[in-house]
Amino acid sequence: MSAQPGMAAAEREWKRFTPEQRFLRFGFFFFVVAAVVWSLKTIQVIPEFLYDAPEQVKDFFERMWPMDTAYYAKSVHAALIETLNIATLGTLLCMVFALPIGMMAARNLVPFWPLNVFAKFLLVATRSVNTLVWALLFIAIFGPGALAGTLAIAFRSIGFVGKLFGEALEEAQKGPIEALTATGAPKASVFIKGYWPQVMPAFWSIALFRWDINVRESAVLGLVGAGGIGMAMDAAMNLFRWDQVAVVLATVFVVVIIAEVVVTVIRKRLI
Amino acid sequence: MPAASPRVAFPPNWPARIGWLVLAAYVVWATAQLDFTWERFVSGIDNGSRFLSRMFPPAFGADKVEMIVKGLTESLQITFIATVLGIALSLPIGLMAARNLMPAWVVWPARTLIAVSRSFHEVVVAIIFVKAVGFGAMAGIGALVVGSIGFVAKLFAEAIEEISPKQVEAVRATGASFMSVVLFGVLPQVFSRFLGFATYQFDSNLRHSTMIGIVGAGGIGGTLFAAFQRFDYDFVCAILISIIVLIMIGEIISNFVRALFSENLSVIEWFRRKAPERRDKAVAVVEG
Amino acid sequence: MTMTDRSIEIRRLTKEYTRGVPVLKGIDLTIKGEGITAIIGPSGTGKSTLIRCINRLIDPTSGEILFQGKNLAALQGAELRAARRKIGMVFQEYNLVERLTVMENVLTGRLGYMSAFDAWLRRFTKTDIEEAFQLLDAVGLAAFANQRADSLSGGQRQRVGIARALMQHPDLLLADEPTSSLDPKTSVEIMEIMAEMAGKRNIPVIVNIHNVELAKRFCQRMIGMTGGKVVFDGAPSALTESDLKAIYGGQDWLH
């Protein structure tokens, strides 16, 4: 077999990366390893707690089972409805803010860069503060309860929805917009008839996606006193009623799965 | 066509109209449940202004800075360990959950694990871990690892399900073993997306690592929550500013890592790309 | 080096994707261990299925495929992989791993010979790399070694596909419509390269092809299939218009 037609070519080297790439990659992996080693060394690991863990977990599940199903009707159901209201109202409220800010952030729609930068700053700011922190802030203002939770969900979501909506606007096709502008349509009409039909599916789909996330997020708001199913969980935990906690966890699991399925189905019909 | 009926250019869209009505009715009902009153709003404005005035100037005294640094350091450590561990576990779990590569008896356990990990917020998982391994960073790491699996493994599995089977077929045809097919036929197709998920998860873990302290799972969240409860609002403000700065630095780092691996950019190219015209640059800086 | 037997024998091969609807209806073929054999026939007649049954990208329903003392149709696991690495394949849409470089794609041909761990670290032997360079020289693409496969044109990709298949040191080369996605000039070039490189190495080639003229020009034997059966088998010169009518049906297209 003559697989090698006797070429006298000097031995050629084949390397996957250039030296610089290799250096950077090596540097990255070195950094990761160093960071993990440093973290493991300084973090407080109490071995006794770790040895104990399997037993604790076993104990934990034993206390959870059987579930106190009566707790559902007593406290969980009302709290669940509140959670869903917080998530839904919060998402709707967020859209009221996210729509104009997202538009302001889109460079093709608002060709004035200081406004773009300002809008993007607002979006980053609301995203950078965690929902729980927003909740704590609103509790400090309006007192504990679902109101603080709703506002927290709304404010945290503005950045998310606004950013994605702004990006969708920037990706809108130029053709229809130029055509409308050419007819001499006023700017508002150009937006309503040119941009909106293009980005509407994206907008609703983003909002639904965020609603799905918000259902999950609103379940923990109660831990800091901002209403919803987390309150029921907190109450049960404070009394060490793990069989009741289990009911709450099971409810959250089922609701989150249902929300995800609902969102998937609606999005499929939207797109 | 009925003779006399006038033609309508825009027929009324009844399902949409009914949808809007139902939505409006829901909003009215749900808002009523919040028991939001005018007095509450007025006192809220009042509280809010007092609250804001107490937040400024933020308290950056030496003792406070020490507490912030300690808390943030722990958050960062939790993030590092949880991200590395979470991603290392997500790779095989995501692969097992891909229906186009694996038999059903492997897929379903993996998908169930992912669904359970995804359903609970990191803070809820942290509570369970606090119970299992006690207060502190260990619990936080556990919680974030679970969260990472829920996110990265799920998206990884979905990315694998969308790959081109032709490229995989070609590698199989060379007689490569299953692992080699995965390495040469599957991973190259999903690598850049996986990198996106992984770096996003790093950012996400960093955010959550600053929160899980609220339930005693380590990091700066504990300090923050305590400051809230003491109405120590200028310290709260200082902590929040520090957290935001840390998160933004984190995002810059993950953008760099993405560029390094997926686009094989050199450092010079990266900086060159980061210096476009003035307007874009300003936007890019704000975006972190 | 003694030549291993490179002939292949197919016996009563059938394939049903849905039960009771056979795509291949008992194919019997013996193909000598040299030269190019072209399979022609209308779309959907089972040509691709036949080729894919040989290296078992598709599992046949029944029948035998005898190659080097083994029944390919019955192989499993490691034995199947060992057989596959001796059978190179060139695909219609090239099927290169687009995000890997040209070099990595060519070296993919060695995966059957190395551990996954070495493959992961890209620890190919010096001889493998040198041979890959020589193959790229032969197809005129050495300068592209470090480019990503998706930056190449169709003809260039198919050349890489051929190099990848030859990198396996195959005893048989399968080509499934290797020119169907290419323009006429490039098609001829690809067939030339394949014929020349396989000929030099004494590798028999089985090629599915739509273009009858191209098939006649390069192959030594033609097999005409229609409706899952072989209806013509002989030298290209023996292929008459009435044979073509039998294979493709109708006659308007002939003139």
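We just call them A, B and C in the order they show up, numbering each chain from 1.
Just so we're on the same page, a residue touches a chain if its C-beta (ideal position, glycine included) is under 8 Å from a C-beta of that chain, and two chains touch if they have at least 3 such contacts.
None of the values given here were measured: they were computed from a predicted structure.
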Open item on the list: Let me spell it out: compute each chain's centre from its C-alpha atoms, then which one is farthest from subunit B's centre?
Closed with: C
TODO: Please work out which of B-C and A-B is bridged by more C-beta pairs in contact, and write that pair.
DONE: A-B
Open item on the list: How many angstrom lie between the centres of subunit B and subunit C, each centre taken as the mean Cα position?
Closed with: 47
Task: Separation of subunit A from subunit B, taking each centre as the mean of its C-alpha atoms, in whole Å - done: 5
- [ ] Please list all residues of subunit C that touch 2 or more other chains.
- [x] 104
TODO: State the interface residues of subunit B toward subunit A in the complex, per the touch definition above.
DONE: 23, 26-27, 30-31, 33-36, 40, 44, 47-48, 51, 73-74, 76-78, 80-81, 84, 115-116, 118-121, 123-124, 127-128, 131-134, 136-138, 141, 207-208, 210-211, 214-215, 218, 224-225, 228, 233, 240, 243-244, 247-248, 257, 260-261, 264, 266-267, 278-279, 282-283, 286-288
Task: Complex interface listing, subunit A residues touching subunit B - done: 17-18, 20-21, 24-25, 28, 32, 35-36, 38-40, 42-46, 49-50, 52-53, 56-57, 60, 82, 85, 88-89, 92, 107, 113, 116-117, 120-121, 124-125, 128-130, 132-133, 136-137, 140-143, 145-147, 150, 216-217, 219-220, 223-224, 233, 237, 249, 252-253, 256-257
Open item on the list: Under the definition above, what is the set of subunit C residues touching subunit B in their complex?
Closed with: 55, 57, 81-89, 91, 93, 95-100, 104, 108-112, 114, 116, 119-120, 161, 164, 168
TODO: Under the touch definition given earlier, write down the residues of subunit A that touch subunit C in their complex.
DONE: 1-5, 7, 9, 11-12, 14, 16
Task: List of subunit C residues in touch with subunit A within their complex - done: 1, 3, 101, 103-104, 122, 124, 126, 129-134, 137-138, 145, 166, 169, 200-202
